[in-house]
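Listed after this line are the structures, all set down as C-alpha cells.
In what comes next, subunit A is part of two complexes: it sits with subunit B in the first one and with subunit C in the second one.
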Partner chain A sequence: MATGGASRRGIGPALPLLAPAYLWLTVAIFLPLSAMAFFSFMTELPMSGKDWSFTLENYAAFFSGALYPTLLWASLRLGLEVTFWCLLIGFPAAYVLAKVLKGRVREAIFLLVILPFWSNGLVRIFSWAMVLREGGILDTALNAVLPFKVNIDLMYSYPAVIIGLVHSYVPYVVLTCYLTLQAIDDSLIEAARSLGASRLQTLRRLILPLAMPGLIAGGVLIFVPVVGSFMEPRILGGRTGTFYGTVIEDQFVAVFNWPLGAALSFILLAVVLVILAVAAPVLRRAQ
Partner chain B sequence: MTRFLSKLTLTTVLVSAFAISAHAGEVHVLNWKGYGADEPWAIEAFEKATGHKVVNDFFNSEQEMLTKLRTNPGLYDVVMINAAFTGQALAENLIQPIDTSKIPNYADISKEKAGSPMLNQDGKVFGVPWVWGLTALAINDKSFDSAPTSVSVMWDEKHKGRVIIRDDAVEAIQFGAIASGQNINDIKDMEAVKAKLTSLMPQIRTFWSSENDWNQMVASNQIDVGTYWSGSADRAKTQFKLPVSLVIPQEGAVAWLDAFSIPAGSKNVEGAEAFINYMIDPTFYVEWVTKVGAPVSANDKALAALPAESFNRAVMGDPKVAERIQFQAPITDAQREQYLAIWQELKVNVK
Partner chain C sequence: MADVRVEKVTRSFGAHKALDEVSIVFPDGGFYALLGPSGSGKTTLLRMIAGFDYPDSGSIVIDGDSVERVPVDKRRIGMVFQNYALFPNMSVADNVAFGLSVRGEAKATIAVEVQRALDLVQLGKLGERRPHQLSGGQRQRVALARAIVTRPRVLLLDEPLSALDKALRVDMQVELKRIQREIGITTIFVTHDQEEALTMSDRIGILRDGRLVQEGSPEEIYDSPASEFAATFLGDANILPGTAEGNGLRLADGTLVAARSTVLPAQGRAASCAVRPERIAILPAAVAMLDGKENSLAGCVAKRIFAGSVSTYFVDCAGQTVKVLVQNAGQPRLGEGDDVVLRWSPESTVLFAS
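Entry: the complex of A and B
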C-alpha cells in the first residue's frame, strides 16, 4: 500500500509533463499502427467499397513460397552488413572526437558529422547517383589522378546500396559512441597504460567494453531501419535493388494491396523483435 | 413595402450570385501528372473561354486512381481512365453516363475508337476517347547508326547493362508476351514469357518508373534502348531535345487508349463536359503536340490538323503499324496478382 501511494505521489506531478509526449505518441504512432494491424487481417480495404472479411491469408502469403523469406533474408543480411561497416567507420571517428580532439577543432569536426542530417535524405541519395556512375565524379576524379585507366561504375549495384546506406546511418554510431567514450575517465586509460598495457590491450580490455552500450545502441538504431529500407535500394540498386522494404512499398503504392503490405510489415516487425530478444542476453552481458 | 422589396432584391441577388457560382464553378480533374490536362497554357485558355476554374489532382497508377475515386465521391468532375480500366470503374459505379450531345467535338472522334466496347455499355457512353499510344521501344540515337527493327535488340550482347524496362508487372509481362510472339490479352505460354524475361534481366541497367527517370538515363548517356511510351518519347524529343527515337518493333507493340469519364456524383457536370470537349479539340491538340509532344489523338479532325509528315500521322497512322499493334484489354484482379508475383520473382532471382 505504502509503495503504491508513493508511486502515485510520484506520477501525479509528472503527469502534465508526460501527457503531451504520450498523447502525441498515441495519436501519431499507436493509432495508425493499430489500424495497420487491423488491415493486415482483412481481405479488402473497407474504403475500397468492396465486401471484406477477416482472413489470415495475408500472413499465409509470406510462407506460400520462397519469395518473401528470400527477400527478408536478403534484407537482414543487408542490415548486418551496413551495421558492420557503420560501426567500423563510426567508432574510430567517435574515439578521435571524444579523446583526441579538443576545443574548437572538436566542434568543427563534430559539425561535419551531423551536417548530413541537415539535408534531405533523398537529395543525398541522388547526389550519390552522380558520384557513383560511370563518367561520374568518382570515375572522373580517379582517372584524372591515376596514371592508368580505371573504370568505376558502381551505380545500380549491391555495393552502391551499401555505400548509400552506410553514408546515411554512420552519424548515429558516431553520436552514440561519442557519448559513451566521453564518459570514460581519461585517468583509467592512463592507469592502464602506466601498468604496462599496450595500446591494443587498452582498446580491447578497457575502451571497447566500456563503450559497448554506445556501440550496441548505435547498432540497433541502424539495423532496424536498414532492414526495412526501400528508398536507397530502389534508387541506387537498379535491377539488384529489390528488397523486403521495396516489395512492401510496391504493395502500398503500385498494386494497392494494403492488407498484404501491412501483413508483410508486421512479419518484419516480429522478426526484428525476435532477433533483438534473442540477442538481448548476449548484449546485456556485453554491457 | 420597401422592406419587402429590399428583401426581394436581396434574395434575387443572392440567388443569382449562387447561380453564377454554380454556373462557372471549379472543374476537378484527375489525371497523370504532366499529361496534357495540367498544361498551364491550356488551363489558361480553357478558363478564359468558359469561366470554369480547373483544379488538377494526380495519380501514379491506375489502382491509385480507382482508390481516389472510391474514397472521394463527389470530389472529381473529370477523370482520365485507361480504357482497359473503364469497365472496372463502371462495375463499381464510380462513373456516370455521358451526354455526348453536350460535347460537340465528340462527333469527330473516329468511329472505331468511340464505339469501343470498353467505353460503351447498354447504349450509353461512359468514356470519351482522348488519345491513344504505344508501349514500344525507344532508343538513344547516339548508340545506333540505324534504328533497330526487332525487339531482339534488347537481348543483344552489345547493349548488355544498357537496357531499361519499366518496373511494372503488367507492362513487363505483356512485353514478354510480344517478344515471345503471343497475344498480350490471352497469354497461353506463360513459361515462354518467363524464360524471355529471365534472359533479359542481366541486360538491364535499372528499372524506370517515371518519364523523368527515362529521360535522365538518356541525358547522362547511361542506356541504349528500353521500353517506353510513344507520347513520352515524343515529349523527350520535342520538349527536352533529347536524342530519343521511338521504334515500333516488327514483333508488335502494346497499344492503349486513354479516355475521359465523368465520376458519379460530379458537382459540375456542365464544366466537365466543357473540359472534355476542350481536351479533344483540334486547337488544343495541335498546340500540345507542337509545344510539348503528345500521343495520337482519337479525334480524326485533330489528327488531320497536324502536318502530314508528323510522327503521329506518318508513323502511327501507317496501316502497316496498325496491323502489328495489340490493344490492351481489361485485366482481372487475379491476373494482375499473378503478373505481380511472376515479376517479383524475376526481380528477386536476379541477385
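Entry: the complex of A and C
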C-alpha cells in the first residue's frame, strides 16, 4: 500500500533527491569494489609492468590448505564474541541512558559513550596498550590496592584484542539501543509492572522484544567490521593476533599480492552475506 | 475487593508540595472520583496508591495492609492509563493474558479468564488483533480488560476517557460504570471533567494545590459546596459577596440575603454566598409579589441566550451580573432591558467566609 502512491507517480519526482546519494555510492563503493573484483581474477597487478592473465588461482589458494579457512573461522568467532560482549555491555548502558538518567547527567554520560567515535583509532588502541601491558596502568593500579602481588600482563593476548575491539565498537550498540529504548513509552513499562511483572519479567517479556530491532542493528553493525578487523588484532594481539583481516592486510601492504588479498576479501564478503542471509529469518522473527 | 485508606500522605517535588497531608477513605466497592484543576496532585496521588511513587510521609492501606513501601508489582492493583499503554508487540489476547501469565497461571486457565474478560468488555472476537488495528474505544476496552482480568483489589484510572471524542466518551462512561458494578471493584477515577465525575461516581473528592478541599456524594458536593472554589469548580454558581449578618449576608447595596443555616462565618466579617443558576426564579418586576421568606433582588436583563430547552439570563443587579437558568416551559419571555425580580429560597443559598 505504501508503494502504491510512489508507483502511480513513478520514480521521476524522487530522482533529484536520490541522484546525489546513488552517484556517491557508485563512485565511492561500486567503482573501487569492481576494480578489486577485477584484480582478484589476475595473476599480477597490471600496474606492476609484468605480464598478467586471468586466473582462478587466488580463489583456489583459499581452499588449498587449512590456513585460510582456520583463520576465517577464528575471525568469525572473534566477531561473535565481540558482538556478544558489546551487546552485553552496551544494552544496559543504553537502558540507563534512555530510561534512568535525565537532563544534564544524561547528556554528559552520552558524550562519554560516543567519545571513542571522535578519537583517532590508533591513539585509542595504543592507549589500551599502555593500560594492558606488564607494568602498565592496570598492573600498577591493581598492585597498589591489592595486598598480594599480581602479575597482569594482558598485552599481546586474545583478551587484549577482545578488549580493544569491544571498546571501539560498543558505542554502536549504545546508540542503536538508545534509540529503540527511547521510543518505548514509560507507561508501557509501568503497565507491565502494575500487572504484577517483576523488573526482570518486564525486561524479558516487554523491553527486550521491543528493543530487538536496536540490538539486531547494533549486532550487525559490529559483527561485519570486526570479522575483517586488523588494526586491533595486530597491535594488541601481537603474535596471537593473526586473524583473517590481518592476513588480507599483509597481502596489500607487506607482500604486495593484491590479487590474493582481493580474492580473500571477496570470500569474506560472501561468507558474511551468507551468514546474514541465513540469520535474517530468525532475526526477523525475533523482531 | 478492598477499601483503600490514604492517611496524611505528603509528597514534595523540590520545594513544591504536590500532596499536602491528604487523607481519604476510598470505600470498598465504591466508585470514587478525584477531581481538581490541572496540577492539583490527582495523578501524583493515584501513582502513590499504585506504587509507582512513594510518599514522603503518611500511610497507604489497602484492605488492611500497609503498602506504602510495597513495590507496584506486589500491590495487586489494576491500572488504566490515559494513553491505553497496550503492549504493541502482543496481540489483544496476549495483552490481556500478560498479568496472569507473569503470575505463572496454567495456559488453560489463562485462556478461559482472558475470554471472559474480553467478553465482559464486548471484544470477544478481537483477541487475535494487534493493538494498532483497533479503534480508540476498543483500545480503551482492552486496557480495561487487561487491568481487571487479574482480579485486582483496586482499579485505578487516570483520565481514561480524555483521549476519546465526546460521543464515544459518553458510551464508555456508561460501559465503564456497568463493568464496575458487575464486578464490584473499588475504583478510583481521576478526571478533570466535572460532568464525568458527577454522573459516574458515588463519591467525589476535590483536590486543590495538593490538599483535599471537600469530599462527599455528588449531590452533597453540588448542593452544599464548602467553599467558593468547590462551588464554582463543580457546576455553575453565582457568587454574591457581602458581610455576614444573622444567618445570612448583607450585600453591598444593603439587601439582606438569607442563607441555609449551616456553620456561619463570624458576624460582620467579609463573606460570600453561592446560588446555583437553576435555583433562581426570574419574574417580570410588575407581577412580582413580595414573599418575606424568599430572597429577592431587583434587576434588569442584560442578556438572554436561548438554547432550546433552556434559556440563560444574565441579570444586572446589586452591582453585579447574576446568571439564571430557566426551563423553556411556555412562560412569557423576557427581553433584554426588562426590569425583573430574581427570587430564590434560603435553602438554595450556601454561605461561606471569604
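As a convention for this text, the second predicted complex is superposed on the first by the 278 of 287 C-alpha atoms of A that agree within 3 Å, B and C clash if a C-alpha of one lies under 4 Å from a C-alpha of the other, contacts with A are read in each partner's own complex, and residues count from 1 in each chain.
Keep in mind that, in the parts below, contacts are C-beta pairs under 8 Å (C-beta built on N, C-alpha and C of every residue); 3 or more make two chains touch, one makes a residue touch a chain.
Just so you know, these numbers come straight off a predicted model, no measurement behind them.
With the C-alpha superposition on subunit A as described, subunit C and subunit B fit side by side in the combined arrangement. Draw one line from the C-alpha centre of subunit A to that of subunit B and another to that of subunit C; the angle between them is 150°, to the nearest 10. When both complexes are overlaid on chain A, the residue A:Glu190 reaches subunit C alone and has no touch with subunit B.
With both structures placed on the common chain, the touch criterion links A:Ser198 to subunit C but leaves subunit B unconnected. In the superposition on chain A, A:Leu210 contacts subunit C only, with no contact to subunit B. The wider contact with subunit A, measured as residues touched, comes from B rather than the other of subunit B and subunit C. Within the superposed three-chain model, A:Pro225 lies out of touch with both subunit B and subunit C [touch as defined at top].
Of the two partner chains, subunit B is the only one that A:Leu67 touches; subunit C does not reach it. Taking the two complexes aligned on chain A, the least Cα distance separating subunit B from subunit C is 45 Å. Residues of subunit A that lie in the contact sets of both subunit B and subunit C are absent, per the superposition on chain A.
Residues of subunit B touching subunit A in their complex: 60-61, 63-64, 66-67, 70-71, 92, 168-169, 201, 204-207, 220-222, 336-337, 340-341, 344-345, 347-348, 350-351.
Residues of subunit C that touch subunit A in their complex: 50-52, 71-74, 76-79, 81-83, 85-89, 98-99, 102-103, 146-147, 150. Interface residues of subunit A, counted against subunit B in their complex, comprise 47-50, 65, 67, 70-71, 74, 133-135, 155-156, 158, 238-242, 247, 250, 253-257. Within the complex formed with subunit C, the subunit A residues making contact are 185, 187-188, 190-198, 201, 205-206, 209-210.
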